[in-house]
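Residue numbering begins at 1 within each chain, and the chains themselves are lettered A, B, C, D, E and F in the order written.
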Amino acid sequence: MKLIVAYIQPDQLTSVKQSLYEKKVFKMSVTNALGCGQQKGYHESYRGSDIEVNLLKKIRVEVAVNDEYVKATIDGIIDGARTGKIGDGKIFVLDMVDCIRIRTGEEGCEAVG
Amino acid sequence: MIVRNRFKSFALGLVILLVFSVGAYAVEVDAGTVSDEMFTVNNVWMMVCTFLVFIMHLGFSALECGLTRAKNTVNILFKNISIVSIGLLTYTVVGFSLMYPGEAFAGGFFGFSGFGVGTDAAGLTSAYNPGYTYWTDFLFQAMFAATAATIISGAVAERVKLGSFLVFSALYVAICYPIVGMWNWGGGWLAELGFHDFAGSTIVHSVGGWGALVGIIMLGPRNGKYVNGKIRPIMGHSMPLAAIGVFLLWFGWFGFNGGSVLSADPGMVSMVLVTTNMAAAAGVMSAMVVSWIVQKKPDLSMVLNGALAGLVGVTAGADVVTVGGAITIGAIAGILVVLAVIGFDRLRLDDPVGALSVHLVCGVWGTLAVGIFGHAEIGGLDNELSFVSQLIGVGSVAVFSLVCATGFLFAVKLVMGLRVSKQEEIRGLDIGEHGMESYSGFQIFTTQ
Amino acid sequence: MIVRNRFKSFALGLVILLVFSVGAYAVEVDAGTVSDEMFTVNNVWMMVCTFLVFIMHLGFSALECGLTRAKNTVNILFKNISIVSIGLLTYTVVGFSLMYPGEAFAGGFFGFSGFGVGTDAAGLTSAYNPGYTYWTDFLFQAMFAATAATIISGAVAERVKLGSFLVFSALYVAICYPIVGMWNWGGGWLAELGFHDFAGSTIVHSVGGWGALVGIIMLGPRNGKYVNGKIRPIMGHSMPLAAIGVFLLWFGWFGFNGGSVLSADPGMVSMVLVTTNMAAAAGVMSAMVVSWIVQKKPDLSMVLNGALAGLVGVTAGADVVTVGGAITIGAIAGILVVLAVIGFDRLRLDDPVGALSVHLVCGVWGTLAVGIFGHAEIGGLDNELSFVSQLIGVGSVAVFSLVCATGFLFAVKLVMGLRVSKQEEIRGLDIGEHGMESYSGFQIFTTQ
Amino acid sequence: MIVRNRFKSFALGLVILLVFSVGAYAVEVDAGTVSDEMFTVNNVWMMVCTFLVFIMHLGFSALECGLTRAKNTVNILFKNISIVSIGLLTYTVVGFSLMYPGEAFAGGFFGFSGFGVGTDAAGLTSAYNPGYTYWTDFLFQAMFAATAATIISGAVAERVKLGSFLVFSALYVAICYPIVGMWNWGGGWLAELGFHDFAGSTIVHSVGGWGALVGIIMLGPRNGKYVNGKIRPIMGHSMPLAAIGVFLLWFGWFGFNGGSVLSADPGMVSMVLVTTNMAAAAGVMSAMVVSWIVQKKPDLSMVLNGALAGLVGVTAGADVVTVGGAITIGAIAGILVVLAVIGFDRLRLDDPVGALSVHLVCGVWGTLAVGIFGHAEIGGLDNELSFVSQLIGVGSVAVFSLVCATGFLFAVKLVMGLRVSKQEEIRGLDIGEHGMESYSGFQIFTTQ
Amino acid sequence: MKLIVAYIQPDQLTSVKQSLYEKKVFKMSVTNALGCGQQKGYHESYRGSDIEVNLLKKIRVEVAVNDEYVKATIDGIIDGARTGKIGDGKIFVLDMVDCIRIRTGEEGCEAVG
Amino acid sequence: MKLIVAYIQPDQLTSVKQSLYEKKVFKMSVTNALGCGQQKGYHESYRGSDIEVNLLKKIRVEVAVNDEYVKATIDGIIDGARTGKIGDGKIFVLDMVDCIRIRTGEEGCEAVG
């Protein structure tokens, strides 16, 4: 089991959801986040003073999948999120030791899907 | 009273240009036609109405912000406070002289009495008008002027370039609105024809509405609104702001219609306030019913639009209808507005705040309704009311407004461009046009 | 002035039903009792007060939204804009005729002069009343009517079904309020008794308050408010909205009390405005002191309630107290409101906005205070003021309002149910009743 | 009209102390100088202006909230509603008697006619003043009084201790403001000198501004504003609130300046409304231009300040300038305010809302502008206008206000301390001073 | 050491906190999130157009614990979060390599508690 | 590759960014969170009833780094976040199996930086 964490552009969320659906990945969790990477920030100016904003708005997607789905999930995310511009984001893959469905108490691979 | 013999008036022109102009007027000094007391109370009422119309601009701002996304809020507020100012200043420079050229300069279709404003002593007495002084007249009319541009602001929100919009607004409010206004209120050919538009269902609201229509077509829909042939609603970010807007607009309408009596005549003004309020209430209820039926659950934004629909609808005939007539006009307007919002969306005309549905559709409806429900004797009019005249008025204003709006917008598009880049639209005009945020610190999802 | 001989009036009935009714009235045309000028200025003042009372509905909306959770905001705004409309329309259809049936139809306890509204030419002159025209009278009173229902709205917020609330409101505002109103202001038995309620501490505020009490008891507390015998505060989601609400209510009270003089009498109106403002200021200060002592840190929501407490408190006697009296009444109201908010919570009466504490407790207090601090000669009254009459007034209105509210609510409960499901309550009525959100895009924790 | 011979007045004193005082006044009863009708209409206008000035306090609150951070919002609202109340009450107890001691008690620099307020029957007739009753006079002036303290509130926001600020405000508004006011409007030495300050560019706005300056210096900048020699902007949390504030202030200015005519004189009042509005519009446009040039992108907060700058600027001379003059004054004020905001920041004077730039800089500018653009004959003044008198007025008020503010603030600092702890400042004054949040449920980043 | 991540219903947070306390787990971090799983979404309608909302509000709880506490923590979360209805959520268990307390610099198991 | 998760005080974010920059760690993602640990909460009071708030505002920082940067990153966070007062927060280190840059499809260590 793996926990896949992806940072994507906010406006790509809908298309990421779409392409994950096509890969039969239906479950995910989403948080909003600020990210700082290669992408240049922008300047805000307020009452005459400048401020550089380099924490840009991003969406953090978390998907827990069984190992056989890892590739599909990663591909799905890339398909949906890639625009080719700097700032498209990253995917991190973590090992997951266990997974439990709260409602039923199911454990492991059963619980993931 | 203090006597001032000559007034010089300077006026700050569009955006940067300072246009200095001196107006010297010679209104003939009649003996006052009403007592000083009556003149004073009339004038007090008209000043009260003036500040009520002023606060409508806050109403428009709040409504427009409420029904759009948080990332464009600074831009919307900026547009709105600018429009009030542009409206006041251009009206000083040319608008008032275009709209009320006076007999000396009048024409059926066009008249102009020179740049700037100013009056002699007679302008401050009831010789000018039993209902108000020259200055009250000017200010009340100036507050109306900005309204037409504000209506367009809502329709083109979230994608129009700031500078382009400001230039367009300035032109529209300086030229198109006053000329149309003159046709009816300035004593032009529509007035001669017997066209009746009490407080501006056509002269103000549909002028704004036609401009909005052209703007919407020329700009195209917001990114993400129509995707793969499906309508994806773009939700407004603050219903409290939208509601504040509508309540303030309703509040302001006490002055918009109440002041259009042009005096404090107790019977007439109070009747107008009753018809105005009843139409608004009826608009709320009928929009509620329709929205509940059509959308399954009643939609607040529709009901808010319903109140405005009723108000716009009754504006043309508030002085010539019965209470029952006002309720009927308002109720029909409330139905129309819900169907129109849904209909325009089907036509892929993307109107974030429903400006077309409220100001154009109900403005036209209200004007025509005068020909159906209006009784000339209620308003003490000299001429009869006729559906045909109303239709001619609606049509001719439509043509002129469409021509003006198209012309101005094309010119602006050529020179400055109309629409912000897609990237700016996604990130929000607040950052793109102003480099600032409206809700600093708040976490806002910007997936839309 | 324009002469209109007959007015037909149509009225849109409750929610869907259209009730058409024609009223033909024959008020005897006296020679005017005041000059045209005086009549006009009186009427201007009354129209100004009318729009001030209107904007109180925005005040109520904002306050109620501010003190409740973000997930119920659409619902609250929806209720409030509907109530204004329902209030105006039912008052047109039956309310005005029930409340001011006139001598021909009067009774001590009940009178009714027929459906609809309308006037002949005399209604537009000072023959109708030296202070206002028929239409001004009607509209001013109609604006008051909706207030009673709005008060209840706040008390039952965040758990009441939309449809049920609207039906209940319509009944309460159409029947209960005008009948009680007639007892005093319509010349009924309370007026005969010498009961004095200047602008409605009892007639408006406690009528609303008693209705709120019944609503709170019948609905029960919000889910999560009282857990395991402990009080868990449910915090309001926007203090700026709450403050906007209170400032606008205070603003509106210039018209609520100022207009209750029923003319522009300079001495009387200006004195009433002074007592009104002083009581509000005193309510703020005393609520602040008590809150600071009792709660350790001064609570903004208490201080906001303090202002309203002072205003409600002085409403019954604004015309018969000295400035010192007004300050004392306001200060005591400010103390009462803080203790009442805490007290009602201990009694497990869950009142999200403090409607009971403000409108009921201070409404009763203010009415009784007339018997303590009032001087009939200040208000130029014919009769003496007496504590006993005040007590009788408070008591009888309580009984009647409680009976009405209980009856109506039971009926509504039987037919439609009163309370939303627990799941809907947790998710929020915005989604449950309206399928929309009030702050789209904003991240809001909904743990509560 | 109702005759009241003696009024007793009680007044709730500062914060806790109740000061009871009885005032018995004997204004000589002249035969009325104007007709009853004229007196009534004048008084109606003045009452209208009074509620307009009242709602400015909501404007100030909203603007201050909007331009500061969400974590201090409860505190700001609390300060503002308290100040209105404190202002009204202290003005009752001492302010009115200090500011308008009347001839019997007058002095060039100081006069006092005893604690409390009250009037005999003559105070309710035009014998008191053709423009208003005693009570209207008092209430209108009392609404002005609180304004000076409110101005300071914005400047010291986000770091001042609640209790200390309230005590300071009470002192400043009870003592400093009325004494300065008397110098000019109470018939003191500045009035004798021929100093002209129509509605208070100096008497109200710069008195507030100087107090703000002392407050800012004594408190120091907010934590995190100036770091390592660099200016780090601290963004306001809600531009809609800020815009609501500015629109309401502009709205209120119709009463602030319109009421300062002290009657409903049609010519004069309507002209004043025109000059007032034109200056505001010009301030918006010039601030926009300058901000667009200097900051590259136009800053909404600057444009909002521009409107206020124009209004403050024209306040001293609204009755003595032409429309062209008003536009010029407003336009220059709009330029000044943008440069001043940037300038004060460079000087490390941390003024969250721009109170110094708006009220002090433009207050001074507006007062001096009377000496440049003013024409005594426009305002029907007895004396000539002179730049030197204006300069003396500005200077003397500066000295007195600075001395008062410094004295009071030092005293308060000694006894209670002025500034909250750094930890409280970081966490927010809402939790520190009030133990509550302003936007419960919303996710707000508090990195700043 | 394990890092336990749980997605729960927002209104169960208080009771999860409660039951973790009973299990002597006092430390946790909470973020709000949107989740998409088996639970059906609902329809919103705005100005006549429908939209299906299937990202529902959830709370993300993160608890770092030493291995002996893993069971107790999972049980605690289940106790507090289970309502038996679809949408109750899931628990993901990740291996944690190290933990540092910023204030003291303590490392490893010490730092977790 | 490691994924480093740190909970810090909100007002330390700027200085953490600063000190990570000095350590040549330029990329990170930030979410806001509520935390409950040793730090005492505070009391809020609303309309006469008290409530103890013990979920305090925190910032969650996530940094993916190659193994040779782990120490530098942890030190950087500690440098920037330490004030010595309770509530300074914690750092959790997780093993990361893979990392993908969405824009280019690069994988592994390449993608992290």
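Assume a contact is a pair of C-beta atoms (placed from the backbone, for glycine too) under 8 Å apart; a residue touches a chain by one contact, two chains touch by 3 or more.
Just so it is clear, the structure is predicted and the values come from calculations on it, not from any experiment.
Asks: Going by the touch criterion stated earlier, list every chain that contacts chain C and also contacts chain E.
Replies: Where chain C and chain E share a partner, that partner set is B, F.
Asks: Same or different interface residues for chain E and chain F, judged by whether over half of the residue numbers are used by both?
Replies: different
Asks: Out of A-D and A-B, which chain pair has the most contact pairs?
Replies: A-D
Asks: When the centre of a chain is set as the mean of its C-alpha atoms, what distance in Å lies between chain B and chain E?
Replies: Roughly 52 Å separates the two chain centres.
Asks: Could you work out how far the Cα centre of chain C sits from that of chain D, in whole Å?
Replies: Those two chain centres are 32 Å apart.
Asks: What is the distance in Å between the mean C-alpha positions of chain D and chain F?
Replies: 46
Asks: For chain B, jot down the residues that touch at least 2 other chains.
Replies: 37, 41, 44, 48, 235-236, 238, 244, 295-297, 299, 301, 435-437, 439, 442-443, 445-446, 448
Asks: If I count partner chains per residue in chain F, which residues reach a count of at least 2?
Replies: Residues 31-32, 44-46, 94-95 of chain F touch two or more partner chains.
Asks: Let me make sure I understand the interfaces: which chain pairs count as touching?
Replies: Touch list across chains, by label: A-B, A-D, A-E, A-F, B-C, B-D, B-E, C-D, C-E, C-F, D-F, E-F.
Asks: Applying the document's contact rule, which stretches of chain F touch chain A when the two form their complex?
Replies: Answer in residue numbers: 3, 17, 26-31, 62, 64, 94-103, 105, 111-112.
Asks: How about chain F: which of its residues touch chain C in the complex?
Replies: Interface residues on chain F, with respect to chain C: 44-51.
Asks: In the complex of these two chains, what residues of chain B are touching chain A?
Replies: It is residues 224, 426, 431, 435-437, 443, 445-448 of chain B that touch chain A.
Asks: Would you tell me which residues of chain B are touching chain D in their complex?
Replies: Going through chain B, the ones touching chain D are 1-4, 7-12, 15-16, 20, 36-37, 39-41, 43-44, 47-48, 50-51, 54-55, 57-58, 61-62, 65, 73-74, 77-78, 80-82, 84-86, 88-89, 92, 116-118, 123-125, 132-136, 138-139, 142, 162, 238, 241, 244, 433-443.
Asks: List the residues on chain B that touch chain E in their complex, please.
Replies: Touch residues, chain B against chain E: 231-233, 235-236, 294-297, 299, 301-302, 338, 341-342, 345, 354.
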